[in-house]
Amino acid sequence: MTQALATSAPASDTRSVKLVYFAWVRERVGLADEQVELPAGTETVLDLVRWLKSRDEGYAAAFENETLVRAAINQTHVKPGASLAGASEIAFFPPMTGG
Amino acid sequence: MTQALATSAPASDTRSVKLVYFAWVRERVGLADEQVELPAGTETVLDLVRWLKSRDEGYAAAFENETLVRAAINQTHVKPGASLAGASEIAFFPPMTGG
Amino acid sequence: MPLTIRIQREDFDIAAEIAALSAGRRDIGAVVSFTGLCRDEGGTLAALELEHYPGMAEAEIGRVAAEANARWPLMGLLAIHRYGRVAPGEQIVLVIATSAHRRAAFEAADFLMDYLKTRAPFWKREHLADGTIGGWVEAKDIDQKAAQRWE
Amino acid sequence: MPLTIRIQREDFDIAAEIAALSAGRRDIGAVVSFTGLCRDEGGTLAALELEHYPGMAEAEIGRVAAEANARWPLMGLLAIHRYGRVAPGEQIVLVIATSAHRRAAFEAADFLMDYLKTRAPFWKREHLADGTIGGWVEAKDIDQKAAQRWE
């Protein structure tokens, strides 16, 4: 997925965030964490999930069920529609099973 | 209160039971326990309470509010209408405040 | 189900009681304990004096425990209630319920405490900080209502 | 309100934690503790492996504890959650709530456990008795429903 057609994106549209993964999301992605440049137009958690799914089979498997994987921005739970504005650390993980 | 008019009471109508008292019921009665002969015609807990009230001021004060004092027969809670048949130990006490 | 009921003058050790209920078992998933303590009531209370009906206290708590065991899938149940003089900060009562799952353990401990409050033959009298003997503690409507939740 | 939240690999001591929450106080009337243990699942389980999200685990439990403190008149609240490998019979999680009265302590501990189950970022994986690594434990609807009771 490329942003070749986006001609007038301001510099702030591409920025670096840390992604962290836990439990079987981590295993399917194959990474515990990574630093990525958010593509222009990636405004919500769901936008980010869809971009990640396009990267390779591991991500595609991890996010196969888009509504199952939970997300947190800066260590606070968020819904899929949540804005990425201000996000520095974005986490993805399965439903919690602690306690 | 006398049973002078009861002419044909069988022997089993008067029998000995142990009465035990707790907390402020004990203090007002002035005894922790006593053995009494149940007068003929004393068939329920409430009959017994009314007979006790007639004995002296201490009992009268203890059972002033007939529905406040709780009773147990043979160490099991009972209601005022409960029969004294089979009772060997009858206890009177205030509402419980343990825990 | 292992059941422990003790009416005693001495203090008790929560950790030791939990350990005894759990000893040798690997099927317990949830342990809920309730400890009731003597409060100093803003400094006005020197001690509580707890009177009880020996024999009936054990029997009545046993009946309540049997009801709890019939209502929830429990792996163990314990109730210890002290009598005699108890000072502020000291422990009065301990209830422990164990189960595979937390809901049964929470509910059984809660139930046992509510019924213990309203059915177990114990009475508290206050000894005040000024040296006088206060009155007998009155039963509370809120405790009756709490017990009625389970009916 | 004294608040203790710890995420640790080591085991914990219930009695010591209750003592620490109660130290020097004579106004606490009720202490409720919940301990969650690892079950052996009929002998099939060798251990649970607990993964967590460091930082967020403490933060999220802190948010849940703040909600509990806003809803009930508490005198202290504690949550300890272990991570790493835990064997059957071992302790995983401890919650303690203290209050003047038992209802607040029971409800706050119950609430904290329900939310800890559904909101705290921990994940359990099974290591089986036959030496294989089992799957990640799946979240249960019953836990979601339990948490929804408080909404």
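Structure notes:
By written order: A, B, C and D. Residues from 1 in each chain.
Operating definition for what follows: a contact is a pair of C-beta atoms (placed from the backbone, for glycine too) under 8 Å apart; a residue touches a chain by one contact, two chains touch by 3 or more.
Keep in mind that this is a model prediction, so the values were computed, not measured.
Counting only chains that touch, the fewest steps needed to get from chain B to chain C is 1. Shared contacts of chain A and chain C, meaning chains that touch the two of them, come down to D. Farthest chain from chain C, judged by C-alpha centroids: A. Averaged Cα coordinates give chain A a centre that lies 29 Å from the centre of chain D. Remark: chain A and chain B have CA centroids separated by 77 Å (rounded to whole angstrom).
Averaging Cα coordinates per chain places chain B and chain D 51 Å apart. In whole angstrom, the spacing between the mean C-alpha positions of chain C and chain D is 23. Annotation for chain C: residues 36, 102, 113 touch two or more other chains. Each of the following residues of chain A touches two or more other chains: 99. By the document's touch criterion, interfaces exist between A-D, B-C, C-D.
Considering their complex, residues 36, 50-53, 55-56, 59-60, 81, 92-93, 113, 116-125, 136-139, 143 of chain D touch chain A. By the touch criterion stated above, chain D contacts chain C in their complex at residues 13-15, 18, 22, 25-40, 42, 88-89, 100, 102-103, 105-106, 109-110, 113, 146.
Residues of chain A that touch chain D in their complex: 20, 22-24, 72, 75-77, 91, 93-99.
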